[in-house]
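Quick one: structure below, then a few questions.
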Amino acid sequence: MAEPILKVRDVVKRFGGIVAVNKVSFDVNEGEILGLIGPNGAGKTTLFNCITGVYRPEEGHIYFMGEEITGLPPHKIAAKGIARTWQKTRPFQKMKVVEAVMVGALLRTNDVTEARKRAEEALALVGFPREKFYVRGSEITLLEHKMVDLARAIATRPKLLLLDEVAAGLRPGEMDQLASILKRVNRETGITMIVVEHVMRFVMGLSQRMLVMHEGRLIAEGTPEEVANNPKVIEAYLGTKPE
Amino acid sequence: MIDPALITNNLIDGVLMGLLYSLVALGLSLVFGLMDIINFAHGDFVMIAAYTTWVIAMMLYVDPSVTAIITVPLFFVIGLAIYKIIIEPILGAEPLIQIAVTVGLGYVLQNLALAYFRAGPRSFPAPWFNYSIQIGPIGIAVSKLIAAAVSLASLFIINYMLVNTKFGLAVRATSANREVAPLMGINVRKVFAITFGLGIALTALGAALYMMWGQTNPYLGQSFSLLSWVIVAMGGLGGVMGVLYSGLIVGVLEALGSTFVSPSARLAVVYLAFFFILWFRPRGLFGRR
Amino acid sequence: MTGSHAVFGQEAKDAAELVVDIINNELGGIKSLCGAKIQLVVQDSGETPDDARLAAERLISTEHPVIVIGAYISRNTAAVAEVTEREKVILVMDGLVDDLTKQGWQYVFRAAPKASAHGATAAKFVIEMAQQKGLTINSAVILNEDSIFGTYVGDGAKMELLRNGIHVAAHITYPYDITDFSSIINQIKSINPDIIISVPYFNDGVLFAKAVQQAGLHPMFIAGAGGCGYTDPDSIQAAGDAVLYYTNTYSYNFARPTQWNQKIVNEFKQRYGKIPTEAGGIIFYSMFTIYAALEKAGEMFPNDPLNPDNLKQAFLALDLTDDNSIAAQLYPSGHIKFGPDGDNLYAEATVAQVQEINGTLKPVIVWPDAEPGVQPIFPRPDWQGAD
Amino acid sequence: MEFSKAVRKDILAVIALVLAMAAIPFAIGFERYYLLILSTATVFAIYVVAWNIIGGYAGQLDLAAFVYSSLGGIVAARLMVYYGITPWIGMFAGAGVAAALAAIIGYPTFRFGIKEVWYALLTASLVVIVREIMHMPEFLGSLDYRLPWKYMGWYWLRFPTYEQLYWVLVAVLGATMLINVWISNSKIGYYLKAIREDELAAEALGVDVRKYKLIALVTYAAILGFAGYLHISLNGVYTYKNFDSAQSIAVAIMGIIGGLGSIAGAFTSAITLKIVGEYLRSSFGAVIPGLHLLIYGILLIVVGIFKPEGLASVIEWFKKKVGWGGEG
């Protein structure tokens, strides 16, 4: 097995007295879709923010493709090849859909025409309806927003994509649609993904391997079946609220 | 080299003026903290209130401080009206739009005053407290002492109100989360209106106190607008106490600038300090943002 | 041309309207020009040089005036002069800043005393009074608002004091929109000078006088300079007895006992309910000087009196005294004659003092010639003597 | 460089506008008053279109326009009066000094993440600080400075009449608009617009927020610093009061009323508001003091409340009507 694409080692992040992420370590292998689950407040988004540079962890190290990236600003981390989406979509409302995706594409090219081409490709890849390429961000549906968010991230040509609760707010039918999009993207581009989710059904069908967080700690790791049957996980999470 | 008595005297005056600045800035801080309204016409309300104070003081021939009994409730009502007509429509608008609208409001207030009162100074000619207490080399102006004391008391009363009353609770809850507050049975619009009214009423109190020794003209507001904002920024929305401390800092900086640089440069000294404070403490000196 | 933002715009406009009425109706217009009437057009010169220049350009392109009066604020006057010079229109300035006549402009005239003369007048008055009363002035403090006007006046006073060997212990400048004088008062207190010469803009004068009263400062004398604040009716109304015994210098003597001066002051009072001071006064004699110049031009160049170069010759040829003109009767020195740079060679400022007369505070002229029945009050009665 | 169709359309539109504006003096028979109004309005149009870069694209409410324009203008004027250097060079020096100040102020400001109202306050204070520094005797002091009469003609960019300077102003305005068109259609423009919309999201896409904000600020300051001399040349006088808070705010307000990020909106709003303002001043200024500013204030309130998208939305509508797509 090759060197893991992302190595997280003993990362700690505190807010005042609260330890949001407590000594978390794990590896991500190239090409896989890794699920990261846990109840609300488990520290998943905080961990994401540590990896993508929004927060600087107090302790621990993060390595991406063998290079330490701990504490780098977000734009540098993005340049190294980590992209992300947001739990609550952060659309560029006043820009047209293609333009918003071009912002991502411009990370790898300075040529606007080329960026436009790449943006259109990324939108096509995620299955965004072609007739809506030139409407403004304020005029599309939630699922379409998720697609734009995804396309924007893919357009930066990342090695690793972090998806923060992409399914939140979607109807079951839409979730299935999104899951198949993600699988296709993973298959066609080989982008490694970490999928944070607390909707179990969505993430279980999607990922090959899963991590479970609870109260800032990693409490379990394994295939979806292993995790689903782990008593600690059931106690912390499934036991309280089965999906 | 500089006379220590002079420095002491200036510092005392700086503290007294600083308390008054805090009082004037408090309304701005409450309104901004609660409803994110950027009011660039705040100082112009001080100016309009100062004219109102003067008119009433001349009519009844009483000291301007006494007129606060009339002007404070009056400006509370004026504040409610302004909220309804101008502020409510721009709630949640882009900051730039809010600034454009309130700058427009400032133009309106200034030029109403200019058209009606003309540009000459207006001041009450027979103030009651126009003398000083002399303790050795230290002289303290009584009217300023009264103004500072009333300001300080008002700040504490408002603070008490925010912490201990039902209205205060509603303000703090709305300020913390505007989406959740209505679910708890809080009428957000009403809280906004009352707070805005309160903010304007405080400018009226500040104006009444200032007119004990000061004068007003159509452009008085410009001296207070930016200064109030600087106090709010330095206080960092840390509530009443943040405003109190940063008002004091501004007053003292002004006094020091006046003493060691020149009276012309005193505002530049304050703003320069503001620059560095904002750079190195972007959350303000006394609070969260 | 008035500026709505200069405190004096309104009074200047009122005064100009009064004078034009008198010239056109009572005097029957300009005789040498077959009774031609003067037509007054007023433009607001705004706040910025941009505005002033636009106002000048509009006046000139739409009204084609032969003479422009304005624009009070120095930098605005400069912007206006660029236009009037190009168009060869005579500009009679009511801005007092010294160097306005030092720009090499060909068509500008100024009857009023310049800023530094105001400062010097205040100093001369104080020095002469002290000599008369046998008092020695050990030290003085000069205080001026920090615009170009205040600076010239303050410097004028300082030069005069230094020339007379008086120690100027401090020269303090401050912005005219100051809201609190305490640090300045504290500084003056720690110096404890005999004399304070103060050059206020307007609003700051009220604030200063009140602060002095409150702090219990009792110097030998406080003299104002520069035509605004302290002694005009608005200031007296606003400051009350805080300005009692303050003096100020004026470009105009409203008490001058000449026939025309009395008449104009009375008519102004009847129309507008107050006595004319600085702004009105300058307009009075400037307008009557224009009137005299137009008459002169009609006599000198009957074929082309309004040609700018002819008009300029007429202005330069004027030698107005009490006996031969209305303008000089309205002027403090009673004599108007322009030098080659356009400044009046016989420029003079007067000193007015706030005194209590029959229970009310009134400005009275006390220097160089006190008005009848009035004595300058010097030193201040609350002065506790040299210590 | 290859231009897309939309960009070519915009460039053609700017060229057409410049030619049309340059022809106006002939149409109005070189009437000086109207030429002066047009020139003054064009000065503000340059300021507002330049402001659009920092305010419209990058979304930073800069209230210090007259710091940069006056500083640049005074540098050029001083070089001319003291050293006999032509403003053709002096204006570039002015632009350089203004850009340097912007970089010195902007670097820490963006480094420390100061934005929104705090950025507005910081820039508003900057005007006061620079004014008071310039007011010190070591710099300009209290005096007024005039550009002497002897400096006239193309070499000094100073003229007794207005049409020549007006044409220069129109050319600078055209250049400023082209810079806007270029930015708007380049990587910088997309990045700035993304920053205005959502800084955090932009950063996660690899946008160096500080760097691009600084680029916007410095570009804006440089254009203002360049044009500043033309403004001084227009009225012939400069003092420390040129560092004017009220006028700086006016520039930002014209930009807001024009609609953020719209070149056509910025232009239209500056020209219209300046002409309306002048009309109000000349008609009412001497009747009731302040009436013209009162009306102006009411106008601002009404536009802000009822048409917050600014004039740009009106222009957009108009463009759709005549079938003229593409970016404003």
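The letters A, B, C and D name the chains in turn, as written, and every chain counts its residues from 1.
Basically, a residue touches a chain if its C-beta (ideal position, glycine included) is under 8 Å from a C-beta of that chain, and two chains touch if they have at least 3 such contacts.
All values derive from a computational prediction rather than experimental measurement.
The chains in contact with subunit A as well as with subunit D do not exist; no chain meets both. Touch-path distance (fewest steps) from subunit B to subunit D is 1.
For chain pairs C-D and B-C, the one joined by more C-beta pairs in contact is B-C.
Distance from subunit C peaks, on a Cα-centroid basis, for A. Mean C-alpha position of subunit A lies 47 Å from that of subunit B. Inter-chain centre distance (subunit C to subunit D, centres taken as mean C-alpha positions): 39 Å. A separation of 37 Å divides the Cα centre of subunit B from that of subunit C.
One simple way to say how far apart two chains are is to compare their mean CA positions; for subunit A and subunit C this gives 76 Å. In subunit A, no position touches at least two other chains. Touching of two or more other chains is recorded for residues 135, 289-290 of subunit D. The set of subunit B residues that touch two or more partner chains comprises 114, 118-119, 222, 264, 267.
Contacting chain pairs in the structure are A-D, B-C, B-D, C-D. By the touch criterion given at the top, residues 3, 5-6, 9-10, 13-14, 17, 114, 118-127, 130-132, 134, 139, 141-144, 210, 213-215, 217, 219-220, 222-224, 254-255, 258-259, 262-264, 266-267 of subunit B touch subunit C in their complex. Touching subunit D in their complex are the following residues of subunit C: 2, 4-5, 9-10, 13, 42-44, 46-55, 57-58, 60-62, 74-75, 78-79, 82, 85-86, 97, 99, 103-104, 146-148, 150-151, 173.
Of all residues in subunit D, those touching subunit A in their complex are 2, 4, 185-187, 190-191, 193-194, 197-198, 200-209, 261. In the complex of the two chains, the subunit D residues touching subunit B come out as 55, 61, 108-109, 112-114, 116-118, 120-122, 124-126, 128-129, 131-133, 135-136, 245, 249, 252-253, 256-257, 260, 288-291, 293-294, 296-301, 303-305, 308. Per the touch definition, subunit C reaches subunit B in the complex via residues 4-7, 9-10, 146, 172-175, 177-180, 182-184, 186-187, 189-190, 202-203, 205-207, 210-211, 213-216, 234-235, 237-242.
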